[in-house]
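Please go over the structures that come below.
After this come two complexes, each holding subunit A, first together with subunit B and then together with subunit C.
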Partner chain A sequence: MAANFLIYGLVNSVVLMLSALGFSLTFGLSGVANFAHGGLYLTSGFIAWMLIHYLGLPAFVSMLLTIVITGIIGALIYRIIIMPVRGIALSEVISTMALGVAMIEFFRYIGFVTYDFTLPPLVAGSVDIVGVSIDYQRLVIVGVGVLLAIILWFFTHHTKAGLALRGMSQDEYTALSLGIESDWAAMLSMGMGAALAAVAAMAILPLGIISINMGYDVLLLALSVTVLGGLESTAGLIVGSLLVGYAMVFTSTYIGPQWGTVVYLAAIVLVLAIKPSGLFGKSKELEERV
Partner chain B sequence: MSHLVYRKERVDRGIKVRSDDIFILASLRDLSYATLPKTLAIVILLLFPLLKDLVGTYWESVLVTTIVISLLALSWDLLASAGLVSLGQALFFGVGSYLTGWLSRTFALTPIMSIPLATLVGALLTTLILYPVLRLRGIYFGLITFALPLLLSRVIEVTKILGGTEGLNKIPPLPNLTTELYILIVVLLVCIYAYRRLITSDYGLVLQAVRDNDRAVMAAGFDIQRLKAQAVFLAALPATFAGAFLTHHFQVVGMQSFALDYSILPLTSVIVGGAGTFFGSVLGAFIMIPLSEFLREFASLRVVIYSLLLLIFAIGLPEGIFHFIRRRYQQFERMTALEGESDKRGK
Partner chain C sequence: MLEVNNLMVFYENALAVNDISLEIKQGEIVGIFGSNSAGKTTILNTMAGLTHHLKTREQRRGGTRITITGDMLFQGENITTMKPRQRVERGIILCRERHPVFRDNTVEENLKLGGYLRKEREVEEGMRFVFDIFPPLTRLKKRKAGMLSGGEKEMVAIGMALIAKPKLLLLDEPLLGLSPHMQQEVVRAAVRIREHGVTILMSEQYARPIMPVVDRAYIIENGTLVMIGTSLEMMENPEVKSAYFGT
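Up next is the complex of A and B:
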């Protein structure tokens, strides 16, 4: 029981972290709360499905292709939708949310709601770890999650583009005066955020069917984990997902499955009320409250 | 040979300048220029319930929804004037709904008692709920208001209090649709008037200063926590009223009252209509809610079209329709030459 709890809690946490990574990256780097995150996640799942079933591409190729396509879509969203309203926080939130809802409901309209819509796992089968049976796909998720966390940390701390993005998020005017272009940085961060949403979808969706309402759930989960961990800290994101992940598995095992949602919503409210920049947020202390 | 450089400039129309002043009394034309738009809107609104046979009860009940959303949008606008951007008007709406449901079920109150009571107590209650987080600024306050109604509805679902997923039914109804509409219209007009007076008063200016520069207001010796709490209370009144009223209208209250709809629809109204003038948010509601009814014939494609239209409004007219119309009404544009400048690139 305990091993079961530990392992599935870990998988759940990594699933959360993957779902939140794109949202957190975009918000942390360019300050755009991309409420179309859930829509992008779902859309990428269906794009991959269409590539596999309509064009007959091999699963792995179509997944890679999907990640690239979704990244481009994200960058385009910034160019076309966010740029005209950049700086008006409410318009940013509403227009991305409207787009996300439009994406999600479009797939409901064209009838992508049956049990046929599944993505193949990268590796089939399962293995026993200390007496707990776990399928390879869940191990793939953990692997992808850990790998991405490392890559992102390296990107934001040791590459020129990553440092430029972080500079932009810390002080926009200084960054501008050093020749970092604001729109370029924000577009890059949106594109990367969207691509990360696609990566998450490619890793997580094979676990079950692609259900439409997942689009909405993913956004809420991403929001809670991001808020909990802090808006610009990778470490915070990891700790946040571990906390929410284990708390959700704990409550649904010992109290009742319907309490899972209460846990992460309560986490958002409590953390925002006590320490709005999250458990690991450092900068922006003055921006968040008076 | 020099080319003159032109730029666009906006100039107030003569009639607008005249009607700003006491000279408005000199001419009927100026007087009607200034008052006709408002009067016309009010008269149409007041006549609408009387045209029941012409428009049908369906559109009358659409008007109920429209005014309810307008009230939520007004409430949002006042909160935003004090710098509190709410993404969860459903919180106020839901608290008002459940309070009136609980009051009329437990104490067998008639609507005439339970609605005002739920409005007042609901506003107090939401102020208390939000008091600890009033220190938050900008997007952080928005996020917490976004999460609160969702959390409350989940809590009601899992603890099964207040009827759980079933909700509370058999809530006493209101007399009839025409009476309902007139109550709503009067409340809406009073609310617009009161808010517009409030925000231009000295007190309202301080509230707006909290939005513009809260630390300067603190430095001037105001307790901004108190001010924000008062703003939340004042803004909660129409929203909790809307919730209480709609509960009696449908005679049932359920988790639906905390649903995302009641957070999103007021926001879309504000986005479409334009924030900051109270007229704008109401205009937005009067455009977007009937529009969503028109789209019903598209069945499940409705949400898609609605979202895309909203998107077009948000990007194409970020200032909002009301600000756009008002500018057209009060100003005209013309090209003017930049003095002493010649286009050096043009040669």
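Up next is the complex of A and C:
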């Protein structure tokens, strides 16, 4: 029972971290809160499904293609929807939220609501680990999580573009004075965030069917994890995911499955009431904002 | 090299720069002196394209209305409405006031970012030059820039600007908050940078520490040009002398 709890808690935490990663990355690098995150996640699932079923492409190829396509959609969302209102936080939230809802409801409208919508797992079957049966796809999820963490760390610390994005997020005008462009940076970080939403979808969706409401769930999960951990901190994202991840598994095993979802909503409310900057939040000093 | 004609900058209805014309010739070190809110930063930021960027940004979101008139020519080319990046490509590099560095990055990463638009080889060359004129940076390479002292930050900030390969280097109050010794180091560095073929425009509130190395200087008050001259000419004017040279 304890091993079960530990392993499924960990998998659930990595699922949360993956779901939130794109949202957190875009916000951390460009300050844009992309409320279309859940919509992008869902859309990428359906794009992959359509590539497989309408074009007959192999699953793995379809998934890679989906990640690229979703990334491009993200960048275009910045260019078309966000750029004109950049800097007005409320407008950014409202316009991306509206777009996200539109994307999700579009798929409901065209009837993508049956049990036919599933993605194949990368590796089928399951394995026993210390007496706990776990399917390979869940291990794939953990692997993808670890791999992404390494890739992103390398990107932001050792590549020119990554350093430029971090520079822009720390001090826009100094970055500008070195020739880095702020709209380019924001567009890239939106594109990367959207691509990461797609990576998460490709890894997680094979666990079940693609259901419309996942679009909303993923956005709420991403919000709860990032708000809990502090919006701009990587360590916060990891700790936030672990806390919410284990708390969800704990409540649904010991209290009742229907309570699992209450946990992350309660987490948002509690954190905002007690420590609004999040557990790891750096509430910026006034001096730095000027 | 750089020619500014009748530059005016308004923030809403407040006039920050009032009809200023100036010229910087190849190989010079030129000073701009003025007290707080005289308009020094606004002038330098406008040359680097930052004011233009801010103006576009504010326009989009309906914030502060910024008006810029007049024109700027760099090596004969009109740069008045160019983006900051285009100006960096042409060799106009600004080192902003208050020693700005990227706090969460190491000194080395900061310097690398300075060469964002330059080729690998140019960045390496630039690094060597920077470590040569600021030897203390060599042992600070791996330190987080946010942890450095003011003087060390200024060396990093100027270092970044140098690796960006300036033809015209704009230094906004590089001596601000530095000890007399550190001020001397920065002034010495400026001379070496000029010997390297870089033209320099430097703003300061207090003229004495840099006057010996400045070829010509402009004095501005409340956005208006009040005097142009060499250091000798300035010292002869008792009012200027007491305001910008102390006693």
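Quick notes
Criterion: the second predicted complex is superposed on the first by the 283 of 290 C-alpha atoms of A that agree within 3 Å, B and C clash if a C-alpha of one lies under 4 Å from a C-alpha of the other, contacts with A are read in each partner's own complex, and residues count from 1 in each chain.
Following the convention adopted for this analysis, a residue touches a chain if its C-beta (ideal position, glycine included) is under 8 Å from a C-beta of that chain, and two chains touch if they have at least 3 such contacts.
Computed from a predicted structure; not experimentally measured.
In the superposed model, A:Ile94 lies in contact with subunit B only, and not with subunit C.
By the touch criterion defined above, A:Lys275 reaches neither subunit B nor subunit C. Applying the stated contact rule after C-alpha superposition, one finds that A:Arg79 touches neither subunit B nor subunit C.
Contacts of A:Asp171 after superposition: subunit C is touched, whereas subunit B is not reached.
Between subunit B and subunit C, it is B that contacts the larger number of residues in subunit A. Legend: residue contacts after superposition of the two complexes on their common chain; A:Ala102 is shown touching subunit B, with no touch to subunit C.
Legend: residue contacts after superposition of the two complexes on their common chain; A:Ala33 is shown touching subunit B, with no touch to subunit C.
Looking at the shared chain after the overlay, A:Ile180 reaches subunit C, while subunit B stays out of its contact range.
In the superposed pair of complexes, A:Leu163 makes contact with subunit C only, with no contact to subunit B.
Once the two complexes are laid over each other on the shared chain, residue contacts for A:Ala266 go to subunit B alone; subunit C is not touched. Applying the stated touch rule to the two superposed structures, the overlap between the subunit B and subunit C interfaces on subunit A comprises residues 84-85, 88.
Those residues of subunit B lying in contact with subunit A across their complex are 85, 87, 132-133, 135-140, 142-144, 146-148, 150-151, 154-155, 157-158, 214-215, 218, 224, 264, 267-268, 270-271, 275, 300-301, 303-304, 307-308, 310-311, 314-316, 318. Across the complex, subunit C is touched by residues 83-88, 157, 160, 163-164, 166-167, 170-171, 173-182 of subunit A. In the complex of the two chains, the subunit A residues touching subunit B come out as 33, 80-81, 84-85, 88-91, 93-95, 97-99, 101-102, 105-106, 108-109, 220, 223-224, 227, 256, 258-259, 261-262, 265-266, 268-269, 272-273, 276, 287-290. Against subunit A, the residues of subunit C that register as touching in their complex are 48-50, 53, 57, 60-61, 63, 83-85, 88-89, 93-96, 100-105, 109, 112-114, 116-117, 160-161, 164.
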